[in-house]
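Next up, some structures in structure tokens.
In what comes next, subunit A is part of two complexes: it sits with subunit B in the first one and with subunit C in the second one.
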Partner chain A sequence: MSETDTVAGRESARPATGGRTAEPAGPRRAGDRRPYWTARRRDQLTGYLFITPQLLGSAVFVILPLILVVWYSLHEWNVLAGTFDYVGAENYQALADDTNLPGVLKATGLFSIGLVIFNLALALLLAVLLNQRLRGSIVFRTLFFSPVVVSLVAWTIVWGFLLQDNGGINGLLDTIGVDGPNWLRGETTAMLSVIVVQVFKNVGLNMVLFLAALQGVPGELYEAAEVDGASRMRQFWRITVPLISPTILLTSIITVVGSLQVFAQIAVLTQGGPGTSTTVLVYYLYQQAFQFHHFGYGATLSIVLFAIVLALTVLQWQMRKRWVFHES
Partner chain B sequence: MKTGKGLRVTAAALAGMVALAACGGGDDAADSGPATLRMTVWTANEAHLKLFNEIADEYKKTHSNIAEIKFDPLPFDNYTTTLTTQIAGGNAPDLAWIFENSAPDFVSSGALLPLDETLKKTEGYGYDDLSPATLKLWQDGGKLYAYPFSTSPFGVFVNTDLLKKAGQKTPAELIAAGQWNWTNALAAASAANAATGKAGIVIRDFDYKGWDNLSTYFTGWGAQAWSADGKTCGFTSPEMVDAMTTLHKAIFVDKAMPGPGTTADFFAGEAAMTVTQISRASLLKKDGFGWDLVPLPAGPKGNYSVVGQAGLGVLKKSKHAQAAADFLAYFTNATNSAKLAQFFPPPRQSQLTAETLAKTNPTLTPEQLQKVVIDGITNGVVKPNHAGQAELSQQVRASLDPLWKADADVKAVLDGVCTKIQPLLAK
Partner chain C sequence: MNRDISRRTKLVLYGVLMVLCIPFVFPTWWMVTSSLKPIADIFAFPPQLWPTDVQFDAYQRVFELQPFERQYFNSLYIALIVTVGTLAVSALSGYAFARIRFRGQNVLFLVVLAGLLIPSEVTIVPLFQMFFKLGLVDTHWPLILVPILGAPSVLATFIMRQFFISLPGELEEAARVDGLGRFATFWKIALPLSRPALGAVAIFTFLHSWNLYLEPIVFLSSPENFTLPQALTQFVDAYGGPMWNVQLAAASMTALPVLAVFVVAQKQFVEGLAHTGLKG
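And now, the complex of A and B:
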């Protein structure tokens, strides 16, 4: 019997309901050999073949680096000397003894909090405004979204010029009689500057997501609320926010994770200064690994970063029961 | 058993991944056929690259074992970081330029191939012609690990048009009167700023971050970042406090230097003077402003000179290390050294004459070459360098940041620098 016949014969044994029962009904006789290439196995193979490229990609570019980072964190790697020595938990001990780390975590926290608040608030405000039926709203949407597609480094370099002591921002302030600060040289203003540069870069992405969510809110709910005499503000808090809460959750996760990975803006604008006021965790990790050649310690710091991102994402995901009122 | 099968599958997958990862390495792989050499450099200047390629093309004519020689310009700001990242990633170049500030790390780590034998056995090389003083930074255990292809003293480029417009004496006039010192240089810079609105004097590449460039200034006070043995911090010395107090006043009171966050490019005509190396002369425009090149002003401790050095080494990890060393010997032989001298002052004693250098430096007069280049190399001290310099530099930069404010307490800031770096120096 050919394989085709076998498969065809087994296919005919399927129930007419279209169920996926793989085993033929009835007692099996001794000496009977079940065909290996059953339809179920064939379907499984097809499925695995389809996901193989993605699995391979994930294994090589996600899982393997993750494993290697843990491996590196247990070693001291002197790139120049070409030595790679097992040091056990020494790098983790160094983490506990690192006097710079509290300041780095504080800067990271300040940046993330500032970015999340400014970004989400501005994105929602812009989305609400651009959701109105106004003339030219498409042009404004395009304008606000355009920084998202601009090269990050080019964007940051331009802002670097604007934020100089004699740059464009202070020039504008000067025209209204305000003596602007030296934005990138003051500890508070430097952090604020980096946050603002990042907010303007990516606010368009969250704005578009909010806009899409706002357009999914049924109009009749507002009509009913108006009939009941609800104010615009009440409508916003009682109808809009609950119905777009899944998008608020999504954007907050994306923004928090993104904020913890900020690098280019710091490298171009402040290089972690003044002092160490803008040395966030990713930049500190880069310094340790690539500038100071402490690759093992850099790997240990990257595990800390991974743990923070994971913990915050899980926390946000768990809190969705409180935040998200409407989830499809 | 399902678990056992799962484990086997996982193990096989990991083995495959490790094999895949291993494919990316191949540092020690045997290599056959004509070699392709790659040299990392931190210049993208067309004139520099043109000269390098001419020398490489000439070399290839007589060396059939070399298929190609590539010069790979890396960004100046992150040069060493990029280079070490390439080495870590298994993509080490065959030859590399190395800054003086990372020389101790490269030389002592064993990353570089010793060059003595190759250079000495190369016919007509003239190894003994190399000035011993210029080799010091690049030697360890009596062996030479990099050739100091550029020993470049810092001088002051002057926009004479701007100074005259501000009614100031030019540095040449001050030198003639025996008055070329930092007090007068800063006064002239301050006056130029007040009269023209342009910047006074700029220490190029400092930009309130690259503090080691300030050694071109504080060395005049006899100050050092750390002691000669590298064990003791020098930022709290009376000489350093005096130097930095003067500098702080020059920036924030007299406006002799542009303040933090303000850029002014001398070569674009935005500053009266700049402290930099002669290789930057190539940035001067032919029909631009009137200019001069003079030695560094004298400090309270008298005349002095500071040199920046660059070494050229062969990476041991190179697949063609010996071929690369042979090319290095050709690249830096007497003939090519004379050609390179137009941009990079050579370590060869026979070529350190105003007459020789003038042949390849048409923009500079013999007098400029003698006073700035030759005297500078003879008497100069090398910019600060130390093992683990990147970490030290970062700590100094961060600790010095509070100094760049109008109301800074100079002594307290400098005390803070030493508190931060002394543990690193003591290691």
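And now, the complex of A and C:
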């Protein structure tokens, strides 16, 4: 942003809506009636034209499918027979009767909670470590961040390879005399594996956000705390955490919503198994709709997913008020 | 916490950082080295951290088993089109929402913003049915149109809008006094100034498209149309077991180019993404 600052950084107190103050007066004949296409109208038209692609896209690929998903949840579609039949609340009845659903929701919840805790804790730890005055911290930052750019399925495949019964992890454990479990086949270890693989893949993003936030904490606060004799731990909880709380909230929202969308890792590592222990909602939705061709039921599960995302977003927005520290 | 620390603390810090690095670096290392090993050495015990008998057979097999070069091209051209398309759509609408005043602006912005709330997984069933009816299943159209115009580009629009709002208005006003039209002002003044935001949007859009997995396996069925993530999981033997060295060779070829670009341009990468996060 330095470029912007030097070019136009002077006195920018004026609200950024722009345009209104400096409209070029169009060709206007004296005493004549005003032409229809005034600068103001032209400007409005440009505004509409600029947003047209995005607006059409949102209508066709976001709003319309969202309405259709409700409509489809009341129908059953058979691709092969070409039939599309109204079934009323049958899919919702199926939802209530689905013996897999409690397991699926449990797996979804466990995955999200485990992921958020591990991810935010590790991200914060790495950011605090990298924020010390150390040579070569850029190198470490690069290394921690690098899995973010490794393609997701490639990353997951390697971990699948490492986590096999006779894979690299157990090989390494064996050399120190530990007999490792078959990670991806045990109920607890499978869930743990999926979470760990996902955390190492993406924690770099949250780390970078935390690092940026930490660098915005004024050093004088720590100096003052030091004079008062506050320990490092106390400084961390009383100064650092409150000051970076907006970033903690932001990263937790991103991470929770992201955790609900996880799919490739499950599909590649565990296929939802063993049992339904790693069948998260999106994977179950995929299985029902696209493997078993229960499109109506898939649509119903989509609504469940949407309801959860909506509830969580509202909840987090509410939490903002009491949780986030405001400077002003 | 930028305070001076003692040498001993420094040594401890370096030690901790080095240990913490292992799970981030080792998988990629293991992927590349294992892809160079003959299949018998892949599960050797104790594990070989360095391949003793380097072979490139697996890399050759990748291209024999699947039209891998075609799949590579698919992923690359789709990601590039999606990136350019998203930049165009999000810069235009982000600019309009930030800088131009028109009636219904706030309501329309809320309509667009709704896309942020709706994960694309929620709409995958109706989208599949829409594209099925249009005869566009097993083509690349769903993978191009939906990301450019649908929910994924909403975040891009939001970032661009935030950026344009923070841009000081004087330059643009001067340009308009000089008689430049709205589009010329946008194109010649605002857009060049928004390079940091455009860069960040380009990076995350490219990565997002390059990593897409659910959408390709839902929409595509013939191997010559596959994208890379989908193709990677197809290297299995007659019994459905993965051919590990071939799979790892293909995975290496998918991961290493992006990783190389990242190492060269890591400053822009990291700071660009941090920037978007803070703006959001």
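Note that the second predicted complex is superposed on the first by the 283 of 328 C-alpha atoms of A that agree within 3 Å, B and C clash if a C-alpha of one lies under 4 Å from a C-alpha of the other, contacts with A are read in each partner's own complex, and residues count from 1 in each chain.
Throughout what follows, a residue touches a chain if its C-beta (ideal position, glycine included) is under 8 Å from a C-beta of that chain, and two chains touch if they have at least 3 such contacts.
Just so it is clear, the structure is predicted and the values come from calculations on it, not from any experiment.
By the touch criterion defined above, A:Arg234 reaches neither subunit B nor subunit C.
Number of subunit A residues touched is higher for C, counting subunit B against subunit C.
In the superposed pair of complexes, A:Gly168 makes contact with subunit C only, with no contact to subunit B.
In the superposed model, A:Ala81 makes contact with subunit B only, not with subunit C. In the superposed model, A:Ile63 makes contact with both subunit B and subunit C. Once the two complexes are laid over each other on the shared chain, residue contacts for A:Val257 go to subunit C alone; subunit B is not touched. In the superposed model, A:Phe290 makes contact with both subunit B and subunit C.
Of the two partner chains placed by superposition, A:Arg34 touches none, neither subunit B nor subunit C. Common to the subunit B and subunit C interfaces on subunit A are residues 59-60, 63-64, 68, 77, 79, 166-167, 290, 295. On subunit C, the positions that touch subunit A within their shared complex are 1-5, 10, 13-14, 16-17, 20-21, 23-25, 27-28, 30-31, 34, 43, 45-47, 88-90, 92-93, 95-103, 105, 108, 111-112, 114-115, 117-130, 132, 145-146, 148-151, 153-154, 157, 164-174, 176-177, 179, 181-183, 186, 193, 195-196, 207, 210-211, 213-214, 217-218, 228-230, 232-233, 242, 244, 247-248, 251-252, 254-255, 258-259, 261-263, 266, 269-270, 273-274, 277-278, 280.
Taken together, the subunit B residues at the contact with subunit A in this complex read 13-14, 17-18, 20-21, 81, 84-85, 87-88, 105-106, 109-111, 208-209, 259-263, 316-317, 388, 390-391, 394, 397-399, 401-402, 404-405. Listing the residues of subunit A that touch subunit B in their complex gives 59-60, 63-64, 67-68, 77-82, 163-167, 182-185, 271-276, 287, 290-293, 295.
Residue ranges of subunit A in contact with subunit C, taken from their complex: 1, 3-4, 7-12, 14, 16-24, 42-44, 46-48, 50-51, 53-66, 68-69, 72, 77, 79, 126, 128-134, 140-155, 157-162, 166-168, 171-172, 174-175, 196, 200, 204-205, 208-209, 211-214, 217, 219, 222, 235, 240, 247, 250-251, 254, 257, 260-261, 263-264, 267-268, 282, 285-286, 289-290, 295, 298-299, 302-303, 305-306, 309-310, 313.
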